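The following pair of complexes shares a single chain, chain A, combined with chain B in the former and chain C in the latter.
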Partner chain A sequence: MTASNEALKSLLYATADDLLILGHRNSEWTGLGPLLEEDIAFSSMAQDQMGQSLALYEILQRDLGERDPDTIAFLRPESEYRCCHFVEYPIGSYAFSLMRHFLFDQASYLRFAALAESSFKPLAFVSRKLLGEIKYHIMHGNTWMAQLSRGGEESHARMQSALNEAFPMALGIFEKLEHEEELVDAGVYAGSAQLRDLWLQHIEPALAHGGLALPELNAQEAGTAFFGGRKGFHSEHLGSLIEEMGAVLRSDPSADW
Partner chain B sequence: MSTIKSLDPRVTRFNIEEDDQSMQPLERRDYFETYEVFHQAKRGGRHTHVGSVHAPSPEMAFLFAKEQYGRRSTSTSIWVVRTSDIHTVGDEHSDMWENVPEKQYREAGFYKVRSRIEQFKKRHNDS
Partner chain C sequence: MYGGGYIFDKPLQDHKDDDDPVKLAEFEARIDRGEKVEPHDWMPFEYRRQLIRLIEQHAHSEIIGALPEGTWITRAPGFRRKLALAAKVQDEVGHAQLLYNAAETLGKSREEMINDLISGKSKYSNVFNYPAKTWADTAVIAWLIDAGAIVNQVTNSKGSYAPYCRALERICQEESFHLKYGYDAVVHLATGTPAQREVLQDALNRWWPPIMHFFGPPDNASVHGEKLMRWKVKMASNDDMRQQFLNMYVPKIWELELTLPDPNLRKNPETRRWEYTEPDWDEFKRVINGDGPCNKERLAVRRTAEERGKWVREALLRPETQYSVPLS
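And now, the complex of A and B:
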């Protein structure tokens, strides 16, 4: 059987919106990074993520009849976004942003590696092309993680506290998608729970290398504390972000760039 | 009282007074080293020196070099080398590089026949 267009859209919007919103968030570090070279690297990865979201919005337009990427990215009402809460939160400290980057891109790599085998060919093709770019993001996250968590007592404590804050939020990446069973049955998508387990297997050794441990979670944190995004219910932070992202476009939607 | 004017505008914006005694230089171990960056634009090509980065480790130097020098053009490889690992001699020996005019016959560019050799090679390759 093949998945319905509604199911494919649910997967593509969730994946693309995560990248668009986190890319936009991380771009807020441009000019403020802790080192000139790191400022450039982090900004460049934020641009990568916007580019990755564009590649998926193009599939939505070309293969699934959705509107053009600019309109989709900037002019949808908040309830039509399918990103998880994790990517919506403000940048916070650099420790938090780095930890989010590490946790998210590990998940992103595994998600695209699985989607590279998808039965939905346009998505499989794009996913294969994105893996190399994300491989660098993983190297960047792992290297910083090792550097800072082994950089003395204060540095280690900051990284552990960033992990404690970010980890329960990150579980929101793996909230079940709308129409998920249909996507799994059709071989389009591996399934959110399966991706989460694979992700845990990947992040734990990298964290342990820096002497960091996953925090104990209460029932709510381990459950649905940061869920809702995949159904269009968002944190308080998304609305103002969308407002800001689309401000220039809305000022003159007919302008030719 | 004048304030510190740094090459880094973020430092300048702090308006730190020049003789501020509370600011002490960091100890030596707190400085990053510099790494020289070599960029390869196509597979099999030579790695060309493109600049340097500051970094606390070779791994981090690579991360920075890739985005700083590789993101605007096609790249197939990047090398980073600790600047202190490069051996050379200082400017006090700059006279070493000077040649007396009558030794130009030892330089490849000296020979007039060179342009004819190039022409021959070009003809030969084209045919």
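And now, the complex of A and C:
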């Protein structure tokens, strides 16, 4: 069987919106990084992520009949976004942003590695290409996690605290998609729960290397505390982000910028 | 992007007595022959001091310059502009990195330089003390401020200190892309809706005085010595660079049917030099000395970033996790 367009859109919007919103957040480090090299690195990752989201919005337009990428990326109402809450939160401290980058990009790599085998060929093709970029994000994340979690008492404490904060949020990446059964049955998508288990296997050795421990979660944190994004229910932070992101475009949607 | 590095000069003191006269004569003969100076070569005290100051101010200008444009990355209209602006501002931060490395070869560490920036001891280009209020401001900055920077930096890249010249050559290549991006963004606004043209014209009106200030005070009021010219630290006069800029860009601005807020601006057909109303040099001095629209904000942002990032830099200093620092 093949997946319906509705199901494919659900997958593509969730994936693209995650990347767009996190790319937007990471770009906020421009000029503010703890050292110039990290300023530059976060900008590179932001540019990659925005570019990756664009590649997915282009599939939505070309293969699934959605409107042009600028319109669907920047001018949808909040309830039509499908990103997880994790990417919506402000950049916070560098420790939080670095931890989010580490946890998210590990998930992103595994997601695209699975999508590279998708029965939906346009997505499989793009996924193979994107993996080449995300590989460098993984290297960057692993290097800095190791440096800072082993960089003395204060630094280690900051990284553990960032992990405590970010880990339950990161579980929101794996909230079940709309039409997920259909996508799995059609061989388009591996499934959110399966990806989460794979992700846990991947992050644990890197965390253990830095002496970091996954926090004990209460039932709500381990469950649905940061869920809702895949159904269009968002944290308090997304609305203002969307407003800012589309402010100039919205001032005259018919104009050519 | 950068300009006006020499304008903060105190009159040069004559340090000639401090330097071995034989070595000094050899050094000056090398410069006269057009040779470049490398970090381990002998150089006069004053040459080193002036170069550190010059390159350091240039580096500071790049990171402070990232702030007014950086705030528009999140608001840029559409993917094309957003990705280009993010890459452009990233380049500017990369330029700071190259330039701090070049200045470090002269014996002052990056940390000392940044401390001098946030304490207000060391200056940066005055244009960045003005706000980027609209999207059109970012287009004007990327086109005309970067164009001014290219005029300045191409000139300086012919100077005598080799590491600075190498950094500038690379920087100029990137700046020329910025200029193309800025021009494209300006053309879209200039040929767009009446509202887009209006916001562009307003931005141009506001940025014109800082652009005229950009190359520094007129030559007759400038305090740098002829020694800097002789040592090829300074390669052209402020007025010559301003003339070169006007000659290249005023016709392009007029071609877009935009106006400039100076009724006296014209090219004298006989002298073939541009005539203009002198910008307000008192304002220029006031802003340099800290009383501009954004001075406090710019330094506060930089200071906060430094303070919040301190633990990261300290964690990296631990010997068991230390990386080797690449040379410039």
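Definition applied: the second predicted complex is superposed on the first by the 256 of 257 C-alpha atoms of A that agree within 3 Å, B and C clash if a C-alpha of one lies under 4 Å from a C-alpha of the other, contacts with A are read in each partner's own complex, and residues count from 1 in each chain.
Operating definition for what follows: a residue touches a chain if its C-beta (ideal position, glycine included) is under 8 Å from a C-beta of that chain, and two chains touch if they have at least 3 such contacts.
Since the model is a prediction, treat every value here as computed from it, not as a measurement.
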| item | value |
| --- | --- |
| Superposed partners chain B and chain C on chain A - clash or fit | clash |
| Dominant toucher of chain A (residue count), chain B or chain C | C |
| Touched partner set for A:139, first chain B, second chain C, both or neither | first |
| Chain B versus chain C as contact partner of A:164, first or second or both or neither | neither |
| Which superposed partner A:30 touches (first chain B, second chain C, both, neither) | second |
| Which superposed partner A:147 touches (first chain B, second chain C, both, neither) | both |
| Touching partner for A:44 - first (chain B), second (chain C), both, neither | both |
| Which of chain B and chain C A:61 touches, first, second, both or neither | neither |
| Which superposed partner A:73 touches (first chain B, second chain C, both, neither) | second |
| Which of chain B and chain C A:94 touches, first, second, both or neither | second |
| Offending stretch of chain C which, after superposing on A, collides with chain B (from 8-16, 116-124 or 134-142) | 116-124 |
| Chain B/chain C common contact set on chain A | 35-38, 40, 44, 147 |
| Chain C residues within the chain A interface of the complex | 63, 66-67, 70, 73-79, 81-83, 86-87, 89-90, 93-94, 96-97, 100, 135, 185, 188-189, 192-193, 195-196, 301, 304-305, 308-316, 318, 320-321 |
| Of chain B, residues touching chain A in the complex | 8, 53-57, 59-60, 63-64, 66-68, 71 |
| Residues of chain A that touch chain C when the two form their complex | 24, 27-28, 30-40, 43-44, 46-47, 50-51, 54, 69-70, 73-74, 93-94, 146-148, 150-152, 154-155, 158, 244-245, 247-249, 251-252, 254-257 |
| List of chain A residues in touch with chain B within their complex | 35-38, 40-41, 44-45, 136, 139-140, 143-144, 147 |
